[in-house]
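Encoded as structure tokens, here's the structure I'll be asking about.
Each chain carries a letter (A, B, C and D) given by its place in the written order, and its residues are counted from 1.
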Amino acid sequence: MPGRTSSTPLRVRYAETDQMGVVYHGNYFAWFEVGRVELMRSLGLVYRVLEQEHGCVLPVVEVQCRYRQPARYDDELLLQTTLGALRGPMMKFRYQLFRPQGGMQVLLAEAATTHVVVDQKTLKPCRLPEHYTAALREALAPRESK
Amino acid sequence: MPGRTSSTPLRVRYAETDQMGVVYHGNYFAWFEVGRVELMRSLGLVYRVLEQEHGCVLPVVEVQCRYRQPARYDDELLLQTTLGALRGPMMKFRYQLFRPQGGMQVLLAEAATTHVVVDQKTLKPCRLPEHYTAALREALAPRESK
Amino acid sequence: MPGRTSSTPLRVRYAETDQMGVVYHGNYFAWFEVGRVELMRSLGLVYRVLEQEHGCVLPVVEVQCRYRQPARYDDELLLQTTLGALRGPMMKFRYQLFRPQGGMQVLLAEAATTHVVVDQKTLKPCRLPEHYTAALREALAPRESK
Amino acid sequence: MPGRTSSTPLRVRYAETDQMGVVYHGNYFAWFEVGRVELMRSLGLVYRVLEQEHGCVLPVVEVQCRYRQPARYDDELLLQTTLGALRGPMMKFRYQLFRPQGGMQVLLAEAATTHVVVDQKTLKPCRLPEHYTAALREALAPRESK
């Protein structure tokens, strides 16, 4: 059982390119944010509500990204997001970014972001509401869930 | 008497360019923000403190910008900022962005941003602390200060 | 006859907010760019192709924006874009940004951007390919088209 | 001998924050870019010239970043940049971002970016001009330079 994958279409904006004629590497992280928010939404979890009603935020504590092929202006991309790990207040998301091309999916980038659930006011680690944990556990990619 | 002008040096980052090989037009507004914060700092007013201690924020309600010459990667620019108007909770800043070149200052852009002082929680218009108003009034460019 | 209007849905990204809890004013311009590109696409004109095949770019020479209500994280917005003017190498686009709310469309911002068609290499004003001009003329909002 | 370290002061812009009240994680990469460009400049190498005169660009192929403490609006930061590796067309830069605080340097983030020198037109790996390689070799941090 492969865990839940969320597929998010994205179109590259001109604002996201740099003078090398490709997307600036730092701009991929806003896309990955869209990917994990949509993965959560597909599980019935709305990140905005988590902040507003439960006072939890999910700051990023670590990122990694390998850029294999450049993304270019106006490209229509597909971002695949999975939950790679969930341990106490720590969550790790994984991302694969593709460009469909001639019936193939060209892999442009692979990335991971690690987050810690913290209280919005104290910024101390805290617990997710129980139904969040339950839904996320269901979504875990299996090889990392045991 | 010409009002207080703040001069802020800026160097163009690669991240700020786009694939046209020039700075993306939307990125100028982060520079203008630096300009008005430095103008305030030169008057002894720290915008961060205004937010943290007085609970006031200065959202932007209107912007205009004319782009005359492109700014390019690694350019060393000079941003001149003045306070153009101060009426009740409304403040208007004016900006001129220059690139020094062969002993001349080439004008790249002219802009204005209008702000309203609001309470951070209610987002309703509110009053600046008195010493802010006094210092800003001193800094006003004269043709607009009567 | 009201001219062509393009309606583009947008969802606010976390990356687009600032610590005031609203979208940073400079970030609206990337949305307006999406709006005008989609207006052109709806006319059969692909901006990417204009750059790649015709060597024309459309740098921004002037922008104005009035911010009426803040856009917030995760908001689903609707951007309406029209072509306001087309005179020689100059084009002006107009934008209205709405948030649907309780069956109403709340107007968040109104903006305009003015562009000049220039040759990608020389950055001198140049002509759009004829079929671009023809399609854009059709799309013109009428009160400004005489 | 510790290799060349470049120290770059940075002040956090409002535009760089998000609604969590801290700097958005993706925005650190523009700072790291400033750090490596300034490291190169301190060696007499101007990245802009490398692009313009030698037709070489340095796209990022991999990034990693650990965020230890949040950077906040108006913070005055110090970015330390070193060259960690130089092997054929591959270069790796390392970064440590500090906030001076009460006589101490608080470590906010540690990062690395890996680049490949490519020809601007073909995007195929190519050689740096000889004097670049020589200067960079001098700057290498020693434990990784053998």
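The rule is simple: contacts are C-beta pairs under 8 Å (C-beta built on N, C-alpha and C of every residue); 3 or more make two chains touch, one makes a residue touch a chain.
This structure is a prediction, so every number in the text was calculated from the model and none was measured.
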item	value
Least hop count linking chain A to chain C through chains in contact	1
Winner on C-beta contact pairs when A-B is weighed against A-D	A-D
Chain separated most widely from chain C, comparing mean CA positions	D
Rounded Å distance between chain B and chain D, as computed from the means of their C-alpha atoms	29
Euclidean distance of C-alpha centroids - chain A vs chain D, Å	25
Whole-Å gap separating chain A and chain B, where each centre is the average of the chain's CA atoms	35
Contacts with two or more other chains, residues of chain C listed in rising order	14-15, 20, 22, 24, 26, 29-30, 33, 73
Chain contact topology (line, ring, star, complete or other)	complete
Complex interface listing, chain D residues touching chain A	20, 22, 24-30, 33, 57, 59-68, 70, 113, 120, 123
Of all residues in chain D, those that touch chain B in their complex	11, 13-16, 29-30, 33-34, 37, 46-48, 73-74
Residues of chain B defined as touching chain A within the complex	14-15, 17-22, 24, 26, 73
